[in-house]
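Pasting the structures here.
Common to both upcoming complexes is chain A, partnered first by chain B, then by chain C.
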Partner chain A sequence: MAELEIRDLEMSYDKHHQILKDLNLQIKDGELVSILGPSGCGKTTTLRIIAGLLPQTGGQVLVDGTDVSKLPVHKRQFGMVFQSYALFPHLTVFDNVAFGLKQRKVAKAEIQKQVSEILTITGLDALAKRFPAELSGGQQQRVSLARALVVNPRLLLLDEPLSNLDAKLRVSMREEIRRLQQRLQMTAMFVTHDQEECFAISDRVAVMNQGKIEQFDTPQNIYRAPKTVFVARFIGYENFLPVTSAQQGQYQVQGDTFQAAAAVPDATALTIRPDRIQLVTEPGANTVGGQVKSSTYLGNAYRYVVQTALGELKVDQVGFDRLADQTSVQLHLPQEALLALQA
Partner chain B sequence: MKNRSAFLLLLPGVLAICLFLFFPLLQTIWPTLGGSGYSHFLHSGYNRNVLGRTLLIAVITTALALGLGLPLALWIARQKASVKSLLSVVILFPILTNAVVRNFTWIIILGKDGVLNKVLLGLHLTQHPVTLLYTNAAIVIGSVYLFLPIMVTSLIGSVDELNIEVEEAAAVLGAKPWTTLTKVIIPQLTTGILTGSILVFAGAMTAYTTPQLLGGNRHLVMSTLIYQQAMTLGDWNQASVVAVVLIIMTVIVMGLMRLVTRWLDRRPANA
Partner chain C sequence: MLKANNKVLVTISAIVLFFLIAPLIMVIITAFGTDATIAFPIHGFTLHWFANVFAQPDFVAGFKMSLIIALAASLLALVIGVPLVYALTRYNVHHQAWFQTLFLSPTFIPEIVIGFALYQGLVITVQLPLLLTLLIGHFLLCLPYVVRLVTASMVLMDEHIEEAAWVYGSSRLKAFLTVTIPNIRASLVAAFMLCFINSFNNIPISLFLNGPDLSMLPTAILNYLQNNYDPTVSAISVLLMLFTAAMMLLVEKGLGLKALNEM
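Let's turn to the complex of A and B:
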């Protein structure tokens, strides 16, 4: 296994359009890191450059400290799982999995042994003689995974491997990927646009937007403390208050002053989760008044849309009777739950 | 009721095929049965020579068309859409020209005083003009030129269906480009290769104009032999025999090709 470092990676297909800008990323040995971002943000491009399928226009890809940028794909000794599975349609499951070992000139008996072993681990031993077209999507993805793992790659790259599977299978496959990655102690990079999927299996997550990594941290830290408006929005924050000026943890929002959890000098917005907003009776610090505009029953709570002087805010409240529309309310935004975000 | 009236739509086609294909075919085969036509044909060394030459020319033409067509098809199919559609039309150009004109061009190129000999003499690569025209080689050259577009077109269809990620997967797994070509790309193209080869082979086996104009009288093939038997010698029965032998040989070789492809690509056909 290995450590991966991406240094100042740059990519553009034409001179005018930068797909990747000064990308830096480090993956530790045995770590599973995800790149999370919307389609078109450059995450697949990054993965393809690491694999050697695309030449970068600048920067380096280092594996265990050695620059592999000039190394052709077939010499990099990585494993890759593709969104389309990319199985060899003319070969049986067994031969698909054996392909990489044959390229490495492994002896026949050894191939037999290693392939059988990985087919057992991935639960495919009964399907060894089948052809890809005779398998379900989940089975095909399993073969694709087994094929990438059997060569004991220095780095496992996964390009949206679950997006063609149905919801139930996605959950079990992602757990399977995590299980195998842990068991084989593999350094892995996982590309996805699905936040839940990525948080569930990753050690660390790089949230990417327009060719830049906006935040690189553990799933917990990203969820608890998103750094930028983009990250917050992408992982599901819904309330955004535009900041006009920021000073030492004091933020001006349309004339009102709010105190947020941390001091972010160049903050442009404040955010808070709907369930952290409290209904209070008296106006006070970090409090804004408004009127209930609409309400929805969510099962565990009511979701109110409240019109305030700062704009609409979404508020989730548990255990109260439903408030009628037009009810006047005071909303308290607790300092510790109010996060300041950069642009 | 609905099905019956739908069946009526097939009637013109079925009738046309019966009238213009099966009927003449039976009429060709019928008079050859019973007589000594076939043993006569096979006992003649000359005839066996013609049959052998026809098969050889068709096989070499098919092999060359495949060898030249495969890289071309891979290259064309992977161009961006606008370039690809332009190239697909350009490649069809030999088919769009008249067969006689096309072969006269080759006569001009390959003849004793032809372009090619002038170049060879000019470069002092040879002292005397090389005999190119009216040889088996000339027939092969003309046939490859004629049938290459058919091969390329049917291969492009197959290449279009390839998933490029499959080749990338092979490369990531350590396959060198050559291995990817021979072990991953070509095995997936068997259908296109078979279709193209059958079309080219059948075409080259039965072509008339090209061997007639480029082979001359001393290099007869089956189709020119049929013409000679029927029109020059007036022996319609023997012409029919040659025609039936030609059909049988073509069917046998096409069957063999199908077997070989089956063997190369053992995927279940209906998966």
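Let's turn to the complex of A and C:
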């Protein structure tokens, strides 16, 4: 258990192409931080550098204030859960879990005790004598987790641990990871491209894009107030209005003026969730007229695509009768729901 | 899918089996014949030819030498080939494909050419000892089997498994020995078997690299056959069949033939 700090981390495979640029990140003791981003954004590279599996080209990785950059991977005393589980195929479940303790020359009786304990916690007692090939994907990932937890790692690294599991298992497994991480008070870093998964288990989330962290905050704040167009798009915002000029909370969008929740001087776009747009009868402030282009029944609401002078907007409406295509509507974008975004 | 009782399939199988097994059976039978030349069918029964095998110093010495060279060349090919393949499959080596082809290239060159080239280049020009050159020749013969088989299993093995071993406290060398090797064991056994059998049977390379004091079993048999056409050759063929069968049995008992089938 420890604190992790990443300072000005840089990575490049070929000197020309920067994978990571001046990456800074701090994880507090006992905190679970996720790195969220699309494939190729550098999140796995970051994790592998922290683990010591890749040498960085610049910057430092500090654990409890000590730079571990020069420390070889087998001396870092971390735990890692891989996407492919990476269990040792020639060892039983028990020996897989005991592997790390054996390397640390822990006494045999002590190994027996600690491994049995962790197998009980992770619900694997009955499988101790099986080999990895005889286990389901979910069981294998559980073993992988047990193998990481039993060594009481200074830092627990999880590299897309759930992406090879089916949807139902993914939900129960992420709850399990969260439960164990909290119970054992572990400092953990979780890498994923799944927004829902990462919001569900993280204390804080770093949204990453092209080797840079675009926003680092609690899931609630990121969801409520994404800072950049990329973050908003990645976590599911769909309506984007290009801003031509911004002044003190007043934004010009193709000649119309809108007021948004906060003043962002260098805003380039406004965004709003489809369910926060209101249908009104009269034109007014923060309101734009348009025509229904198409509609889809979503179960709890109708999703309309409305063609406006500012572009297409997606609007969700609960409880109304379905509006016919070509119906003229007025859309009110409430100031508190309209968010200004940086590039 | 073809059905098991498919007539064409059954017929072809029968023909193949016949051509494969019938000559072997004939060899076995002729080994026990009393005629002074190899004849089929035999007249009378004797074990004289088996005794005669052991009375031929060329055969006894040749067997020992072939065994030593086959073992040494196979082990050498593994000791050099496995780290080589490891480097090629786990590190970002420049011109990787080129190296792969290079190490497989002994397969593409006719063995008779390799034998002649080694004789001309190493024995005549560089004056290397014959035994050492012979070993080099058989090593070249073996290396492609190691490269092919071990590359296949290294590529199939998830490299994160080794990384996991490092993360949990194994140095690279220790992880290689305790995690990588056990997981590519099947291909190591298969490679060793193929190396051994191919080296032990080899004539073209050995033909150029033998001398008065250095005789290999296959070339000794060939020499013997040129001067004598008696059933001693049949008898030693039977002994070699038994020897090979015993080797396979040993591998099956010791490591499980499953290891070979997994390849």
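Simple rule for what comes next: the second predicted complex is superposed on the first by the 343 of 343 C-alpha atoms of A that agree within 3 Å, B and C clash if a C-alpha of one lies under 4 Å from a C-alpha of the other, contacts with A are read in each partner's own complex, and residues count from 1 in each chain.
Everything that follows uses one rule, which is that a residue touches a chain if its C-beta (ideal position, glycine included) is under 8 Å from a C-beta of that chain, and two chains touch if they have at least 3 such contacts.
None of these values were measured; they are calculated from a predicted model.
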Simultaneous placement of chain C and chain B on chain A, clash or fit: clash
First, second, both or neither for A:Ala133, with chain B first and chain C second: first
Partner chain in contact with A:Tyr237 - chain B first, chain C second, else both or neither: neither
Partner chain in contact with A:Tyr251 - chain B first, chain C second, else both or neither: neither
Which of chain B and chain C A:Tyr223 touches, first, second, both or neither: neither
Which of chain B and chain C A:Val151 touches, first, second, both or neither: both
Where chain A meets both chain C and chain B, residue numbers: 51-53, 72-80, 82-84, 86-90, 99-100, 103-104, 147, 151
Complex contact set, residues of chain B against chain A: 163, 165-166, 168-177, 179, 184, 187-188, 190, 265, 267-268, 271
Contact set on chain C toward chain A in their complex: 158, 160-161, 163-172, 175, 179, 182-183
Chain A - residues contacting chain B, complex: 51-53, 72-80, 82-84, 86-90, 99-100, 103-104, 131, 133-134, 144, 147-148, 151, 157
Of all residues in chain A, those that touch chain C in their complex: 51-53, 72-80, 82-84, 86-90, 99-100, 103-104, 147, 151
